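In what comes next, subunit A is part of two complexes: it sits with subunit B in the first one and with subunit C in the second one.
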Partner chain A sequence: MNNSTVANRRTFQPWNDPKENPFVEFRNITKRYGDVTAVDNLSLSIYEREFFALLGPSGCGKTTLMRMLAGFETVSEGAVFLAGEDLASTPPYHRPVNMMFQSYALFPHMNVEKNIAFGLKQEGMPTGEITDRVAKMLALVKMEEFAKRKPNQLSGGQKQRVALARSLAKQPKLLLLDEPLGALDRKLREETQFELIDLQEQLGITFMIVTHDQEEAMTVADRIAVMDRGRLVQVDPPMAMYERPRSRYVADFLGNINLIEAKVQNVSKGFVRLETKDGNSLLVESEASVSSGDTVWFAARPEKLQIDLKKPKSGNLMSGEVWDIAYLGDLTIYKVKLDSGEYVKASVLNRAVSSDRPISWEDKVWLSCPNDAALVLTS
Partner chain B sequence: MNRGWSPFNITSVVLGFAFLYIPILILIVYSFNASKLVTVWAGFSIKWYAEAFANQSLVDAAWVTFRVAIVSASIATILGTLAALALTRYTRFHGRFLFSGMIYAPLVMPEVITGLSLLLLFVAIGMDRGMTTVILAHITFSMCFVAVVVQSRLVSFDRSLEEAAMDLGATPTRAFLQVTLPIIAPSVFAGWMLAFTLSLDDLVIAQFNSGPGATTLPMKIFSQVRLGVTPEINAVCTILVAVVATGVIVTSISLKRQELQRQRAEQLAAQA
Partner chain C sequence: MKTWLQYSAGRMTIWLPYIWLLIFFLTPFLLVAKLSVSETAIAQPPYIPAMNFADGPFGWWRDIKKFTVGNYLFITEESLYWKSYFSSLWIAFVSTMLTLLIGYPLAYGMAKAPREWRPTLLMLVILPFWTSFLIRVYAWIGILKKEGLLNQLLLSMGVISDPLTILNTNVAVYIGIVYSYLPFMVLPLFANLEKQDFTLLEAAEDLGCTRRQAFWKITWPLSMPGVIAGCFLVFIPAVGEFVIPSLLGGSETLMIGRTLFDEFFANRDWPISSAVAIILLLILIVPIMMFQRSEARAREAGR
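On to the complex of A and B.
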């Protein structure tokens, strides 16, 4: 990525622009399989050139949503629009959408090359161009030396790369990737993530990607949607999603977070004062609509909590005892048992090389966090 | 569990195979008998084969049989494959249960009834009996065998392959021809072989539905045997046995080889 595309990405926020028309629009979509409601009255707009990630636990309806867009499932209620057009009567083979299947769905009787060329042949591309395009795709996924192998002669990760290349080959307007990188090792996965971003910049493809890896979603996506049982819980850019989750579900799903039950004492001018069960008083900068007496959750991510042996002068303070220490290389995570009996995690970046940690097991410690680094969650 | 070759096991295997194959073996041996008397061995000879080939009516009957078998097996394979597709794909249409039951019924239907009912049909619509009616009759009873064979393969066929093909721009017809059919081809071929052999050795249904000039080999053999078994007939039957056995062996070898290739490929993948 060069600097200008970086700048473009930073200012790329079509979802905030009322003049933009969505490229993909799910309008009050419901999908039922008999008694099971896989997708429940869901509305969502995705914009051209957007890299959109779907996150959610297994069985929450991610694949179903994609299959309705690709045309393999009919919607029970509602409508799907692509570039302003209702897709209801467009069969899958006429939709300018390609999908990478969660199961790869490689054609077992064709070798890697022929698999990738399949879509190009269908649109009647001249043979010479097909050869070039296939070679380019093979290089992209680093599978050149496997061009003549059949799918059952490939490992899981290799199959996944072929499936990715096959779905990319037609350079569709919209690409649906159902867990495209799950079977790759970490290094190859990260490389491919950046390749995908590059490709999107070059070709202007709109991506919709399903992933179980939240780090991956944060890396590639312009916006992330978190799903739960067929509904969208929150749709936001990665940073907003991480820093300002609107519910405990989202906060917990994306990254780690400490949740402490508390009662609202008073609310004034963008600040909420809370009292925890063991009597700690906490002041949080928050716009949450709460009133005194409400039961809410004080939420703070482990990296936002400062851990000290001496009592800090100010901030939201909690005291406890170090219960467990996990050294992860870049981070050390302290699990602290608060006086109330609750457990809280605080993570510290390991700046120094020194092996002796100043804080050890069973030390009495103080945890503190600034007013604007914590959240008040109501649901 | 180690089950050794107990005397009981050996006896039952030997008796079983003997029961199955001794009659055929006798038939083959006596087709090489030099004597005209079927039951007296008088030395080795292939003269009955030469006579069988010189017997125009036998050769004609063989020729009719092969044409009937090839045409009816081919059409039965197409229809049977389509029926299998319908049964595995459209699992929710009304009357599916009845339809699938009806496809299986001819498998257990007495041939006499199939033959007779078809005869009544041809008479009712005023169709002259001949090769066409025999072919139609054979299609009718062998297509359900094809449907059963192909259906058992389709049940384990991964639908997402077809979806992927359509996703890449192939119409349903192209997706079927370029993806589904090549993958299920071995079972379609097995279905064809089955229909072919069923047609080849059918006597009852052909007897009911055949007419002048359309005498099949089994009919011919049957009518000749009523005048007494000749070594010539033994020779013809031996040829039939050879044809059928070759077909069965070729089919199973090709299926076996495919399986072996698949296993070897998987080992390769595991090493990669």
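On to the complex of A and C.
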């Protein structure tokens, strides 16, 4: 990777540029199976060279959405556009889109080479060019030695690479990845995620990935769309999605968050003062449109909460008793029972090498967080 | 420690099928083989035994030296036998291809049918087995004869003006074999096609295949083990088929099963008919071994 691509990546925000035309556009898409609505009046734009992730629990419609793009599902209402063209009448085999399947779908009766060459032969590419392209693809996924193997002689990770090479061989304008790393073990998955990012930058192809793994989505994607029951809940870059979720659903789906019900006392100049049920007063920096008397949620991520034995001088304070401790190696997570009876998690990075625990079970502790580290969520 | 009894009991489970084969396969085969090297005689039974069990080991050797190959030589000289063999193989081959042609779409349709329908469809394929094979072939006489159901139907519809002669021709034999052996083609094909991964076809489409191309490039080659199994299961018994040609076939229908029957019961030439049977067995060993090898290979690939 050279510096210019790094710089490009830093400023890469076509979704904020009104002059930019979307590369893929879902316009008011609805998909019904009998009485079940899988996708509900959804609109979404994806831009060229973007790495876009569709994230959601199983059955939220994310796979259906992707399969519409590949042409395996028809649209009940609305239209899908690719590079400005309506895809409705284009069959799957004519779309400049390739898909990598969750099960890899490698052809078991063909060896690795033939699998990769399949799409090229189909479009009638001359044999010499096919050989070159296949060799290039094998090198790209570092599978040169396995060219003559059959799929059943490969490990899960190797199959994944072949499937990726096969879907990239035709040099599609858009690559669809359906849970591409679901079958890999954790270590391999993490490595492969970074390889995917490199690959996408190297090739300059638009990638769209479907996943239910929030870490995977955060790692690879430029933007993430969180889906729930056929609707888009929020579309944002990973950092915005994590730090500024707009609903409890997103906040909870992406990482861990503590949610405490509270009433708005007053709102002034970008600050909201809340009062919890047990009378604790909290001040949060927030642009949320709320007025006094509203019931809202005070939301703070575990790593944003500071845990102390002595009462800190400032910040939003809550007191409680250590109920449970989970030592994860890099982090220690304290589950604290507040005076109100609610449970709150706080995580502490274990920076020092130590064998004793400054804070232990049943200790009386104080939790604090600065005004700008918490959120006010209304829905 | 294992007792002798436990040990031999363990061995027994392995040997049991071999003992079964020894009693019910090898022994009759040896009897027929012995018959085939004996000489015909006007006697009861109508041959001079080439070997006597009571002769003892030395006597057996003497007997073996007196074995005659005359029956086999006679078969090679007489064109009737060769024609029967070739005609049987040809009829079996054509019937197998016809069965495949009808059975494949049938099995494909069954495999693609909604999951809850499949047991019913499978039942419909197996259902004819509940009636005796002989009766089912007999029923075809009623359908195919001059004043039979088929001719009446075609006449009433105005498709033909004169009744067709189907019964007692080779066409009737093909119909009979295809009908009788269709389940043996459909079942292995269905088992194969049902297991196939549907996403492979989507992947093929994604890579630029139309539905039809995807079928020929993916489904068809992957269904080869089923096709081969089905073809052998139809071909092997069809070569030696006796009931169908004798009930539905005519005088022109030359099949080795019928020749064998005539030789045995009409001519009462037991040694010749035994030799015919032995040669038939030798001819069939080739496709049977090919079948077993392909099965072994399919098992290997499936692992």
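Heads up, the rule we're going with is that the second predicted complex is superposed on the first by the 363 of 379 C-alpha atoms of A that agree within 3 Å, B and C clash if a C-alpha of one lies under 4 Å from a C-alpha of the other, contacts with A are read in each partner's own complex, and residues count from 1 in each chain.
Keep in mind that, in the parts below, contacts are C-beta pairs under 8 Å (C-beta built on N, C-alpha and C of every residue); 3 or more make two chains touch, one makes a residue touch a chain.
Here the structure is a predicted model, which is why all the values come from computation and not from measurement.
After superposition on subunit A, the partners subunit B and subunit C collide with one another. Looking at the shared chain after the overlay, A:Gly128 reaches neither subunit B nor subunit C. Residue contacts after overlaying the shared chain place A:Gly293 against neither subunit B nor subunit C.
Touch criterion met: A:Ser155 reaches subunit B, while subunit C stays clear of it. Of the two partner chains placed by superposition, subunit B and subunit C are both touched by A:Asn98.
In the superposition on chain A, contact of A:Pro358 is made with neither subunit B nor subunit C. In the superposition on chain A, the residues of subunit A contacted by subunit B and by subunit C overlap at 70-72, 91-93, 97-99, 101, 103, 105-109, 118-119, 122-123, 152, 166-167, 170.
Residues of subunit C touching subunit A in their complex: 197, 199-200, 202-210, 213, 217-218, 221-222, 301, 303.
On the subunit A side of its complex with subunit B, the touching residues are 70-72, 91-93, 97-99, 101, 103, 105-109, 118-119, 122-123, 150, 152-155, 158, 166-167, 170. Of all residues in subunit B, those touching subunit A in their complex are 158, 160-161, 163-172, 174-175, 178-179, 182-183, 262, 265-266, 268-270, 272. Subunit A contributes residues 70-72, 91-94, 97-99, 101, 103, 105-109, 118-119, 122-123, 152, 166-167, 170 to its touches with subunit C in the complex.
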